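Consider the two complexes below, in which subunit A is the common component and subunit B and subunit C are the respective partners.
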Partner chain A sequence: MAKLSAVLALVAFLAPATAVFEDEAFHIDFHYALLGRPKQEATFFQKPYAASKASLLYTVSENGTIGAVNPRDGALVWRSAPGASGRAHLRAGEEQDTVISAVEDRIAAWSASDGRLVWHSRLDNAIAEDLEILEQEDGISTTDAKDAIVLVGHGTNGVKRIDGKSGHVKWTFEDTSGDTPFQVSSSPTTIYYISLHAPLLGGGSKLRVTSLSPITGKKLDSYTLGSEGDVQTKDDILFAGANTAAPVLAWTDKAHKVLKVNIIGTKGVSSFNAPSSEPVDSIVLHAPKKVNSLPHFLVEYRTATGHSAEVYHVDLKKNAVSQAYALPPLQGKGTFATSTSDANVYFTRITSDEVTVVSSVSHSVLGQWLVKGSPALAGAYPVHGVSEVVVKGNSASAVRSAALFSNGQWALIRNNEIAWARPEFLAGTVSAVWVQLPEEESLAHQLEEEHHQDVVSAYIHRVQRHLRDLQHLPAWLQNLPNRILGSVAGKSDESTMEEIQHDTFGFHKLVIAATNKGRLSALDVGSKGRIVWSIDLHQFAPDATFINPSLKAFRGFVEVKDSSLPRSLFVNSTSGRQLSSEEAHGQWVPSQDHETLITYKLSEGTLEGFLGTGSAQPVWNFTPPLGERAISYFARPAKDPVASIGKVLGDRRVLYKYLNPNLVLVAAVAEAGHRASVYLLDSASGQLLHTASHYGVDISRPIPSTLSENWFTYSFTLDSSSSNSSRGYQLVVSELYESPLPDDRGPLGASANSSTVQPRGEAAKPHVISQSFQIPEEISHMTVTQTRQGITSRELIVTLPSSNSIVGIPRGVIDPRRPVGRDATAQEQSEGLVKYAPMIIFDPKWHLNHKYELIGIKDVITSESGLESTSLVFAYGMDIFGTRVAPSFAFDVLGKGFNKVQMLLTVAALFVGVLFVAPLVRRKQINTLWTVPQ
Partner chain B sequence: MSAQTSSYPQWVIDLKEPPTTKPKITLADPPGYTASLTRKDRAASSKQSMRKQPTPEEMDTLKMKKAWEVAIAPAKQLPMSAIGMYMTGNTLQIFSIFMVFTLFKTPILAALNIQKTFASFEAPGTANRLIAVKIVYLLTNALSLGLGIWKVNAMGLLPTTRSDWLAWEAERTWSERAVPQEWL
Partner chain C sequence: MRSSTAALACLVSVTSAARFILHIPNTPLVNPSSFPSTTHATLQSTGAPLDAYITRSNSFNFHNVSVGSYLATIHSRDYVFEPLRIDVTLEEEVEGSGHQREKVHAWQTFIGNEWDNKGETRGEGGNGLVIDVQPRAPKQYYQERAGFSPVSFLKNPMILMGLFTLIMVFGMPYLMENMDPETKAEFEEMQKKGVMGSGSTQTAQQIQNFDLASWMAGKTETPTRGQSPAPQSQGKKRG
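Up next, the complex of A and B:
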């Protein structure tokens, strides 16, 4: 036994740096590099530079991320870090090699082909409301970097012209009238600034249009439009601007019955009646965005069941708007996209099963494609999209449209096929859990049942169970050839629910993720994060607006909680169907009946413990000292198997681990002295077991922490302003033992039962050994790998936001028993201990994400797999990343390098050899028997 | 040659029908040849060379001497195997394992076969004295066994420390279980 652990320790010592192997990278892991749901007004196809043959798809997402996607395969070309909010705008000028973005107060120009930052500037005390590119000056296109017009609001209102080369402000027009800025629009000769003018006496707002000189920024003219009856807020305006020859301003009345259109620069307002056959839910106006395109636009009417559209032409000479033709209403939801080719304008109608292209000039259909469905888009309809059309003669030969679908998938429809779909809804993942499949759980349940019976009935029970299992035998035998072939030839990535349930190695575990928009989806981590099912939680709770749903996994189902939900929802984990609360029984309770259940929660900086679940009177509470406030607490995971209750030393003595399931670590900070403290409590009694304080800590930064087995670790940022001897980030690791002496079980001795509420004699406090390390980067989140039995050494998985990566630190590196100031003795070496070094450099081999860039990771969850050596890791937040780690190497499974074909060929060759040699040997043996010795 | 094909050669005939009478040849025996003695000669010679048979006491002393030699033999092996054990080191290798195995096997087999080993020394006069010899034999074998045990211990294979019994020690059960409320 001791030898075995010594050998294991030796293995751990020899290989402290586990790495992602080259043949495993991109096979065992997956990464969704997400942007978030793209915004309609800032999504467009654009050539990254003037001479480019292919265009890229640019977008700003709802979380303020700017990105470019290759339209051919949906791969991300580049993206920026997420912005502070979704108030983001993105524009690109014609034949420019930059795109210009405005996110909150930050204006930036990005190199269109690779996303390098060209320049950026900040607005003082203001937020960019709108952004336009000045395409032409005095009717002449410039070939230089085109300037941008920024509308500034939320503070000092006004319009700024920003130099396209450097980002410097050329001129500023300040609006002191107190109007609410709405949008800017530019025509070849004038810049129009549109604002909402609220009259003093209340009521609706007037639209005020101010025209500015593009060269000086001086006010040329100003007029108001009588829109008091219809427009209250900015949301009531349908459309304003577009860089067309004739920018229009459109709004509607409350009932969506009358559409009012004004050509910016004129005072006339044309009114059109919306189709009256069905009540219109919303009206969307689509206009081309190019200066030299025809002044045509399309108005889309969305009703509860279908949609229709009308195309309008603007007569520049008469300054009049007239309806050209109407597109027939269609049942089902759809959307329109505009595209231009030279001056011609084309409208693409995208529905879930059809793409139609019409010209803005006449209503004849130029091209129509029936779209082949894709499982990713099943049941979803397009919400908005952009498209590119290739027109030859009088028919459209090809069309591609990037559309956001109602299920959050951003898909590209190329003619009649779905070229790719990006699950952009996952960018808003706020909670994820590992699913416990009902099947495996039921086996565990049966075994438990057998455990409690006497021998004979348990035996009968087991025989019956095995007989019942025989019904699966024919199917299993039928599948056998396929499985053998599959394992020899290499498996395909596709997996079915069946496979997930009959997964030998347990790699195909499902994760259920909930997004902030109330979408729930199940991902198969074993087959590259394939989305098994995805549902909208609103179908179960139509009134709820989900803010931050949290998930909890139970046997075969998950529970969804949200502050907007009156009571929890229960969803079947394999099918995504809702379960009633009666079906969803078997909630988690402590395993043994004789255990007293105590619950605790953090409220107003105090940790309070309650007897049972229902009581309101706390039985204990823990308040940090005066001036400190508890910010977070970390409990030992509910499932935290421990293989050995002691640590075997080099001289084969034992240090007994302090294994208390009720440990809770409370992190508290105090302004005075920039102090951060951690308190280790026994949460059954509220007793303080250990405390540590650190001074000179930047208390505004998070203090991530984790607790597992008999050790805990936390990390903090040192304050840069205080007079510390060191700066940077620290990682503290502590181990708890029952006694400082080897072979000693502390005050409790050998007693099998322990209680901290009613302690026998002296309450046992753990012996704590701590070491702190300097680390090169801030850690935002940490967790520990989980394996089935807990035999495999654990690995600390930390998220590094500044280098966009996830690192697995081997446990041996952060062992607090590392000898300080001297080399390890032979006995310590046999334990795997090496000399203490104050700095931990994150070895590049520890990075689990290798080439991937993981942005916005909020949380990492780990789970056991079917193999003891391997732990599954799933990271979520903005990006989704999944992999599996083997901290002590994959000692129980053949590696990818193992050549099964070669092995089979060797066996076959040996068999053939035996067939040939056997008669020879037999003859020789017989001859030996019969030959007379000479 | 052809004349002899019909009849047997002379030596075959001689062989099949040995001469009944000794040929009267008075030649001296070749040097180094001892003529087989006739019964008479044998009787005469035995009478001449008859040594005095040892007495049973003498026989017993002899047997005891021999028995002691057998009993001490394992002890004589001991230094040699001790050096061998020392040289093989304390690592788990196939050679050291084989050596340790033989170290264990030999004394145990010897103890099992003790009656057979000393059967030839068994006599009415030695029966009592042999007990001491057997005990010494067992002791010397035990010495060799002890060497084996020392070696196994040095290799860390004997469960003598706390860590060897760690797997049988159970984690404490706790009378209380506390969980955060958000888990419920």
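Up next, the complex of A and C:
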């Protein structure tokens, strides 16, 4: 075994670094380039530049990412880096080639077609509360870059006008009254600044509207609206019309019974009664965003079971609001979207099975489409949406609406079909685990059953099982010609990829991912991340508000834990059904070598070890020396197969690996001397096995670490203020051996039994060899590939957040036994060692993600596949990425490089050759028999 | 040098801050306008690095950079850039005037080398300095598959050996026939002695009896271990 692994290691190293093949890229891997759930008020269709024929779909998501999506296929055109928070606004002026965003304190203009930055500026000690584009200057549209109006709050309140070309502030209006800023709205001649004025004696807030001159920013007028009884906070205001010809301000009372509307700039308040047939849960106001559109708006009433709407018209001359017509109430949930075409305003009603378009002028239906369902949207209803309508004559000929559905899918409905759906809910993935596929599990279960029966019944059971399997035979035979043709022609057989039954290589593994909003979904990594099922955990725990759910996989089910849950939830991993805890315990099969006994907890710089999951009292705790605090730990995974207990040297002697299943690596930092230390512990005894300290480390940056087999590695950032002779980032690799001498097993070598609980003192500690390397980039997370038997050499997988990539570093490159200061001898070369170089440059060929750009990756998990050569990799965080890697090349499976046609041709050529040569040989044989030797 | 700039950084007030621009020039080889919008530059010193994304004019604008020594890296999906060392210092405008202004100095730097080991200067100046950065090489992510070509097919030693044998089998009889009788007789004599035949048989024998395990264990081949070659060659002669 040792020799085999030595040979494999040799093969792995002699070959150049494993890289992604061009014909496999985009086939064996998948990538969800996500934005996050789009925000309603900042999602719109817009032409990227004035002369453009097609429009793009722009949005800013709940995590502050600005992005543009192609409405045709849902592909991401560009996106910004995620913002600091979801307090983000995005606006685009008409016929502009930029979009302007305000995320927290950053105001930026982006090139609308490619996402390049045009300008950006920061607010001092303040946060942007609202953003508007000044469409018209004195009633005339400008063709130049339009200026932006920013409402500033949380610090120095006020309004700023920002130059659309450069991002410089043209004027600032400071509000010192102490009001809470709410929104800005602009009409062609005036800018309205709406704030909440809280009276001194408590109670509700008054709405204060201040009108400002767009040219100078000087205050023109100010008045308050009596809304004390209804409005307490900003959330109580329904709408403050942005940039419409007749901006309106609307609010409602607590019971959602009366709707109050004010036309901004006037003091009159119109009151309308909400439909009284059913209690209204919420009221949403939809108004067109275009300046020159008709001053019509729609009020949507949402009840517990359905929704209805009323359309209102604003009479500009009389400054009056009147109800025009009402749309019939519908059962089930739905939403409305406004769209404009010239001055006309259209409302699109989107429900889960129907899209209806009406004009704002009359209630006649211009177009109606029954939407064909899609499995991605099964059981979900639209939450909010935007739409574009094409109207010819008196009917709408086409409509497309991008709607966020309640299950977190952002979908585009084109007429009657779902054109695409983006799983935006996955952008908040906080935990993910690997599970086994159902097929494998059911077979394993069947075999287990047979195992426990007596011989006769087990035989009958087996025959029955085979008979049952026979029913798949016709379909399999039918499919056979296609499969053979497909494999000979070298086409990617997508049809068979879908069928998990034919998964002979074990690539189809399910990952269950939990999001911060409490959604649980299963993805098939082998089928390009297809979502097998997706459920809302709130249906099992209605009262819980999930914050950071964590998952643990068991055979057949996953356990969901969250701080808001009183008890763990158990969910079947193949169907997404809930299991009771009794069922879960009934299914739970304790397997000997895949369970960890000790669980760890990091509290206040101390690492505590607990026996089992239930105990509250720590078995041991590890406190680093005074001044240091433990910041992270990494325990050796329970499933970490090791093929060989030793490392074969070039002279055929063996260095025995120090293999201990209870290793824990703890990273600790101290302010003094900018010190970072790592401690290697034995979790069974609590004994300290090895320690290393580094000075001049930037302790504010993460120290990722990992541990596998008999080696561990960690990385840190060097601090600039310390007296380091170098700068940048370092990667340290250490290997543990039983003894520094080859062919020696240390003090434990001769003893038949040993116990980690009764340590044998210093001599039994591992011999550690370390090397450190300079690396060009910061590492945020690291892990190691996993294979079935551990024969294949491992690859260190590191996440590089600044270049948005995941890199697999071959084990041979970070071997700490690389000779320093001299070339490798012939024996060392045969081990695969090369001369030490102080830096490791990440070869582009090591990038697992190749052309994909992975943003916001928090964690990477790896799993074995059915093949020894191949490990599956799944990365999550904001983006979702999955691939498979073969660190020692795919030695046990034919790759795409194997030309089957060529092989068949060779066989045929050989056959023809044999046909020709056979008579020659026969004649020669006869001749030798019959000729007399001389 | 480095510790002195660090000391300076502590002394000066935080308000003094420099601004400069890293710019990718348009060259016939590289068109920076085709770079994706995720291309960005980072300035690393202590704590979270400063970050600037690529603008429409193919540059990275850094504002409010406080005094210190920075490692500048440009991250692009398509190209590799050289790392830079950028020092921001405060210098007196006129000697003894007491009026200080920021100064920016950029050099090449090398990963795995000492920080004081600077390369070529890449720019020097006051506020608003534009430093040109050149992409060094495109990133090649994919591994080429060795495709089929007749030349590489012929280069294969197995094929060459096969071809040689084929020539020998078919070409030898003709060659023998065309030889003059004396040489032919000499050649046949030589064949009988077994110069050619037995030698190759022994090699074949060795290959057949090759002990993989002992080779892996690093044992040196001793001639006594295998079957002695002498009787083998005798037997051959008899035939």
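Convention: the second predicted complex is superposed on the first by the 788 of 934 C-alpha atoms of A that agree within 3 Å, B and C clash if a C-alpha of one lies under 4 Å from a C-alpha of the other, contacts with A are read in each partner's own complex, and residues count from 1 in each chain.
By definition in this document, contacts are C-beta pairs under 8 Å (C-beta built on N, C-alpha and C of every residue); 3 or more make two chains touch, one makes a residue touch a chain.
Note that the structure is a prediction, hence the values are computed from the model and not measured.
In the superposed model, A:Ala635 lies in contact with subunit B only, and not with subunit C. Legend: residue contacts after superposition of the two complexes on their common chain; A:Asp743 is shown touching subunit B, with no touch to subunit C. In the superposition on chain A, A:Gly332 contacts neither subunit B nor subunit C.
Once the two complexes are laid over each other on the shared chain, residue contacts for A:Leu117 go to subunit C alone; subunit B is not touched. Of the two partner chains, subunit B and subunit C are each touched by A:Arg652.
3, 651-652 are the residues of subunit A that lie in the contact sets of both subunit B and subunit C, per the superposition on chain A. Within the complex formed with subunit C, the subunit A residues making contact are 3, 16, 18-23, 25, 78, 80-81, 110-111, 114-120, 651-652, 698, 700-701, 717, 719-721, 723-728, 773-778, 802-804, 837-839, 841, 844-845, 847, 850-851, 853, 855, 896-897, 899, 902.
Against subunit B, in their complex, subunit A makes its touches with residues 1-3, 5-6, 550, 552, 587-588, 590, 592, 594-601, 609-610, 613, 633, 635, 638, 642, 644-646, 648-649, 651-654, 659-662, 664, 682-685, 742-743, 748, 751-758.
Residues 2-3, 6, 9-10, 36-38, 40, 42, 44-49, 51, 53-56, 61, 68-71, 73, 75, 77, 80, 83, 109, 111-116, 139-146, 148, 216-218 of subunit C are the ones that touch subunit A when the two sit in their complex. Across the interface of their complex, subunit A is touched by residues 92, 156-157, 159, 161-167, 169-184 of subunit B.
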